[in-house]
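Common to both upcoming complexes is chain A, partnered first by chain B, then by chain C.
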Partner chain A sequence: MSKIAVLIAVALTAATVTIVGCGGAVEQPAAGVATQPQASDAATAAPVRPSPLPATPAVTIVATATPRPTNTPSAAQAVTDLGGRLRIASVPPVQQLVGSWLGTTTAANMQVRPFSDPLIHTDRFDGSLVPGLATSWEANEDGTQWTFHLRDDIEFQHGWGKFTAHDVPHSTGLIVKEDAIASDTGIFRELFGNTYDDVINNVVVVDDNTVRYDVQVPNSIVDFFISAQQGNLFMYSKAQFEAEGLDGYEARPAGVGPWQFEERTLDVNLLYSRVPDHYRRSPFFEELEWVLIPEENTRLAQLKTGQVQIGEISRELHIDAVGSGLEVVQSQLPSLQVTFIIGGVYNPEAGSECADGGERCFYQPDEPHLDVRVREAINRAINRQEINEQLFDGIGQPHVVWGYHPALPGWNSRWLEEHEEKYGFDPERARQLLKESGHEGYKVKLLLTELPGVPEMIPMGEATYTYLTNVGIDVTSEAVEWSTYRADYYRPGRTHGTIAASRGTYRPAEITVRSYNRSGPTGFWRTSVDPRTDTLYDLATRSMDPVVKADALRELGDLKFDLYSEAPIVWLPAQLVIDPREVGEYVWPGNINASFTHTEYITPAQ
Partner chain B sequence: MAADDRIRAPAIAEETPAPPDAARGIGVGRIMSEARRYPVFPILLLLIVLVIPAAFADFIAPHDPKLGSLGSKLLPPVWMEGGTTEHLLGTDRVGRDILTRIMYGARVSVVTAVIAIFIAGILGTTMGIVAGYTGGMVDAVVMRLVDISLSIPIILLALVLVAAVGASMGTVITVLVLLMWSRYARLVRGETLAVRVQDFIARAQVSGSSHRRIMLRHVFPNVFNSIIVLATLNVGFVIILESTLSFLGAGIPPPQPAWGLMVADGRVLITSPNGWWVAMFPGLAIMLVVLSMNLLGDWLRDRLDPKQRQV
Partner chain C sequence: MQRYILFRVGQSILALLVLTVVVFTLARVSGDPLDVLLPLEATPADAARVRAAWGLDRPIHVQYFTFLGNALKGDFGESLRIRGRTAISLVLERLPNTAALAGVAVIVAVVVAIPIGVLSAVKKDTPLDYIGKTIALFGQSLPAFWLGLMMMWIFAVQLGWFPVSGKEHGALSFILPAIAIGWFQVAALMRLVRSSMLDVLDTEYVKLARIKGVPEWKVVWKHCLRNAAIAPFTYFALIIGSLLVGSVSIEFVFAWPGVGRLAVDATAARDFPVVQAVVITFCLVYIVANLLVDIAYAYVDPRIRYS
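Take a look at the complex of A and B:
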């Protein structure tokens, strides 16, 4: 018996030895399948053409009273035959809702926007603000009163009567309701009042076709918030509310959108039917169905077998999709910005008291990340080009200052010119900086988080684990749900010694700055590399002078860039996969966290 | 020697005496004959896939399990076009070596299984012996606890625990112990009920032995075989469950190389010709280990159960 055992051991050793012996750019987004738009067939003014870089959206100052076309038409829009049911396979939204105040902007834009409109619409090519229910709008000199002139020919669906100015304060009040958890609930409360009744008082019905927002704090981008790009303000029928209450909305919401809500089954689908003769654009399909499929491979299989015509498929499976005759299309705008947030960077003015009486909140003088050399080292350690090419298939655009884009107000071309010099991948320099700072080998917890729209966030975090380890940082990592990161780390000011990936959308820089860098109750992260942040932010958001505003934002961006406030990685477009045998053109801006909007403009293949 | 030691009736199965090696010779036929008598296949599999990698990962693993290079991401296995000998089983989405991660993942599985089974075994055995030997109210209480334990939806419990305290190996072990102790308690209690009515127990009581001593010295040795068999069969179950929890994000947190986590990491690519290996090989490792543990458990049961052996 013992000799048998010895023989077996020898055989195993040989196998083991065998094992041991084995030893141990940046591109512009593609044009997609969209054909270039042709001359307007309905516009009263020359249509705005898409440009290589998106035009600056109308987020600046007094919005024009000169209407632009409601949306830029294109040659593909000249279809004669309607399609049948357009089925889009999507990841189930975080909140399944028909009341826009009950979830995020992303969830509302997916589920509510088909059947109802915001006051101001967005152009599908460049994301700029274009007339919708409001034909024009203007603000007073100090930005405390915003007046909107409304169309007078709009009817609510399901026979709930005419859309008038009286529906606007009601719809706005829903956003600040006690149970509201909309993305813009906080900012709406700050601007228009804390309760439904406050809002009713502050949103004044001038006449049936004119409404005025009296803003409590001067704000230069109220039209942006009203446009639902950063919020959830869609028009609901006041008459239906008075007759049926919120239950009526849940059962059969009446909107003014191009689609009419028909039915939904939670976790399964949402179904809408076409509204003929819609004032903006009647859909090219008879019906629209969101098919909610959480599993990636199932969505792809449905696309391959023709059960859906459009699908949300991660980049990793695009090769398979294209190999099956499907096409990848992408949004017109760089809809998502991706970054790493360097934790613990709080100003002394932020205090160091914990709201819950615990220890280590906000400003801690021993925090290594307060040293600009450490923050530069982190930025130098990360190989952005490799991340873009290997994880994002090279579709990303350079991202140099978190929140800022060349097409948005406040941009400074110096940042891009100096980016390689100041942020270029240089592990040796990173090690040197850490040594000089005295924080060589300091401990960092890399929080692996994930948000919709960027499935690569976890692999990006894992790759960064390697980058940081390679320059001598003592990295541990922990996978945390976003809700945990929010509750345990950034909201209570306990991000010390952490680095976490985040993603934002394409929006005015001050929105991002407010969320991440502004101190006080209006901020979320409250990280700040310089005490001037708050002053500059206030100047930028309250001034109605575009020059003053842009200068303040630029100075704020300078601080963030020069002091390595964050570690921005890349700007990404939204992408989806279509079946070209069924779908002709889909052009959408993608600037609401990559949401798929403007479905009424999707054309069937001819 | 105490009186009760002399009268104890050992029930542990004894090996059939083997003839001296010299009288048997060592040839291929002899080896095959011996191999048929023992579960060589499962043991070999276990050694190759689980034990050796777990014990010697630091020495035999070709790469660091947590570090990778994006430039080497999704390299195919060595036998496929584009594969290299540097990464025998290919690389994952961030360029980490899959073979290395399977080796270190084996360590995670072994450590988790051993600790969980050990703690659950001690807890369950103690409760089972006490319940079976004492009877009455104690028995009733313990058995109701067992019933409660068996009714807990374990995946749900794991998700709740993870939400409360975070994902970690400690959380996984806690969940596994909470799930498994009752299985030992129920088995051991049943065996104890049969043992306690034996004559040698009555004699030990007459001779003045304490209850604690009787449970430890007379009852426990007689239920030990069953515990070993159950523990062996449980290893596969524990590995499956640990992998399931990790797959669901309620187990070992990334970037730790746990098999379930690796399968989860590669599930998006499972049908893709450009990445099927990311989930395939850790899945294969799980299957082979569980299969061999079950085969080994069956063999042990046959060997240690006197009734089975007589057949």
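Take a look at the complex of A and C:
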């Protein structure tokens, strides 16, 4: 045999060995495994579907909770056979974790929420806070002590014993660990202590079924932070930690959720199995598998071929999906708010940094955006209806004040009534305002970035480029990565002369104000149009009187609305594509960082 | 020969050292990982705390020498994106998947390209040659990710012959991604084989073989191909590099859990330790492959000697 032939033969043999080594039998896509549901799964009441946009704004702050029936899935009444493996094709999370303190709320909600529960849960229909592991809770008058009464019938998975109040300070302490990068690490440190040990001291175990949070700074929405809507606080077994340490969590985390963690293959999948007799809801499928697929055309192909039953697909591919017999379903509540942030609106009177001209005083007196007429002109120049119809297929809801929604405390119905009059598309008026302000033809940089959940961000920015140019603003646009956005613009306070596309989630208005309008370290944009911003924010977050709180929030919203603080565009629901041959009903609120939650309520097609 | 090998090994080590500087620097020039990985709500104090916890607050030269010292021991540090896992463990976990895919792609390239290249040369300026040249044209001009998506659409979605993505379906899982990666190599290899064959077909010893009555198939497949195979053989070292690069987009499209996809995810998240581990592993493979081919080159062709 010649030398070349030998070399080729060796190559072929090696390749064959690698295939055999990595290969296996061809597996069939998951099919329904028929087993009888547990008696406890039976539905007891018909569901109530609230309107996504309630006419009456909610102004009540939860200080004392009353249990509400959440175990009432409508389709559950028709479920006679459990499904087999529910496969959901999803975008791989940036952080792959089983420890919720190691990533954002979005990452934790996807990967941890299935196998562990928070103290306070979220209603799948209206997104309100409802009992989870805590059956009820109350706060003292000044919001410095929050007491939670826990269920006494919960067992950790994998035999790690009973869930008790002792697990709560431990799980809370993990969120503030030195290397924690959870979404709520900052607020938890502010509220409960800077270190694990501090938290253990401040979260007091009253008895096995009662735990009290002693809060360092009075706060009226501690229950919101404790819930999994904003935060990463899921319950982990202290007993497992003491026996196995964090390695034990990595290998086989024990939770108290409706699914039990089975295994994960990084960048490939996460697999959970059904927990029978779960106190809230035992799933209608035997198994849940997140299939991690980065390319959305591939996710769509998986759906079309029945290899997955649910998939995260962007709106531009929905027509194709529907044409193939798939269905688009959307969240009960709006999930994302889309806006343009008007940069450089730093108020020197609002921030302590400017008292002595500190380096983090970002105020520049010659910034055109400090003139309210310029901000109004920007708002008048944008055709929101056209953006909604052309880019979002008309699914968007009106967005009038950044951070505010009719169903959230602090809403003022006046804003919606006056929206057309004050924010309506009027290029002529925009030109006039610019002329009056003396900033006609001023230069602005339009910063565009793609953000999860809104792939239309770039085309929306391109449309806005045209709108702004049309009224005489000298616009240059720049597409940047989110990290660049953060590093080059808002972190060093260089947002002068910029308008930046952004998106936020559905959460109490003060959270948005905290991040965008408030001065100080938590306000990363600091677009404070009025010096009263910080005072009103403090009042809204600290007052336990729901009326005072709502009034403060409303006044804040009035300032933002009347002074054109931002250029809000639209509220959007979260959307998923399902295979109706396999999936019956999926109702989820969508207000939990736009995450796809409440998977235990998904029913198989009957 | 021995001196040459030692010289080439020395060159390779030097290249790797320079590479560590380049990779380390470029990874940090790309930006701060905290801007990607920290939540929106993080304060400057949060950033400072995490930076210290991850060792990113130390002077850059200290970080480099720590990295170099640890890298020599095979330790590239802990992944910033997947806490609790070392960078090298993530690479080694995925390397077999990428290697397997590349192996199948090489088979595809060899099995398809050599016969077409030979036939194209033997049947020069006939319809068969034109078909071969057309395949080469498309092979070299079609982007691998586009080809992958098209094949997925036709053969997985419409015809249902293959799984859409992933590797859990065994041998069938390899077919589409391997063809998508290997198709460019088919074209390149085919053109090389064709041109080498054309040179060889015109030589005196081939004419002599024919005059002596050696059967035509033997002339072509034994005498000609053996001599024409030297140039394509050298190309194999380049193929390995191309396959590794090609794996980046194809693994993304086919959700293949290989090193290429790991590289994309790590780069997007500015996961320095993993980026460094991936790039250095890729380069190590590439350098070793080149070294081996250079040595094998001299072995295969006795006329080639180095001084």
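As a working rule, the second predicted complex is superposed on the first by the 525 of 606 C-alpha atoms of A that agree within 3 Å, B and C clash if a C-alpha of one lies under 4 Å from a C-alpha of the other, contacts with A are read in each partner's own complex, and residues count from 1 in each chain.
Rule of thumb we're sticking to: contacts are C-beta pairs under 8 Å (C-beta built on N, C-alpha and C of every residue); 3 or more make two chains touch, one makes a residue touch a chain.
Keep in mind that what you see is a predicted model, and the values were worked out from it rather than measured.
Participant: Is A:292 in contact with chain B, with chain C, with both, or with neither (first, second, both, neither)?
Facilitator: second
Participant: With the two complexes superposed on chain A, say which partner A:547 touches: chain B (first), chain C (second), both, or neither.
Facilitator: After superposing on A, A:547 lies clear of both chain B and chain C.
Participant: For A:267, using the defined touch cut-off, is the partner it touches chain B, chain C, both, or neither? Pick first, second, both or neither.
Facilitator: second
Participant: By the touch definition at the top of the document, which applies to A:391: first (chain B), second (chain C), both, or neither?
Facilitator: first
Participant: Considering only the touch criterion stated at the top, classify A:466 as touching first (chain B), second (chain C), both, or neither.
Facilitator: After superposing on A, A:466 lies in contact with chain B but is clear of chain C.
Participant: Between chain B and chain C, point out the one touching more chain A residues.
Facilitator: C
Participant: Who does A:183 touch here: chain B (first), chain C (second), both, or neither?
Facilitator: After superposition on chain A, A:183 lies in contact with chain C alone.
Participant: List the residues of chain A that touch chain B in one complex and chain C in the other.
Facilitator: Residues common to the chain A contacts of chain C and of chain B are 2-4, 7-8, 12, 15, 19-20, 22-24, 297, 484, listed in rising order.
Participant: For chain A, which residues are in contact with chain C within the complex?
Facilitator: Counting only chain A, the residues touching chain C are 2-4, 7-8, 11-12, 14-15, 18-27, 92, 94-97, 99, 102-105, 178-179, 181-187, 189, 246-247, 250, 265-268, 291-295, 297-298, 301-302, 304-305, 307, 482-484, 486-487, 491, 514-515, 521-522, 524.
Participant: Can you list the chain C residues touching chain A in their complex?
Facilitator: For chain C paired with chain A, touching residues are 31-32, 35-46, 49-50, 53-54, 81-85, 90, 93-94, 96-97, 99-100, 103-104, 106-107, 110, 149, 152-153, 156-157, 160, 163-174, 226, 229, 233, 252-255, 257, 261-262, 264-265, 268-270, 296, 299-300.
Participant: Would you pull the chain A residues touching chain B in the complex into a rising list?
Facilitator: That would be residues 1-4, 7-8, 12, 15-16, 19-20, 22-24, 296-297, 300, 314, 316-317, 319-320, 383, 386-387, 390-391, 448, 455, 458-459, 462-463, 465-466, 469-470, 477-481, 484 of chain A.
Participant: Show me the residue ranges of chain B that touch chain A in the complex, using the header's touch definition.
Facilitator: Checking each residue of chain B against chain A gives 18, 21, 26, 31, 34-35, 40, 43-44, 47-48, 52, 56, 59-63, 66-71, 73, 85-86, 88, 93-96, 99-100, 163, 166-167, 249, 253-255, 267-275.
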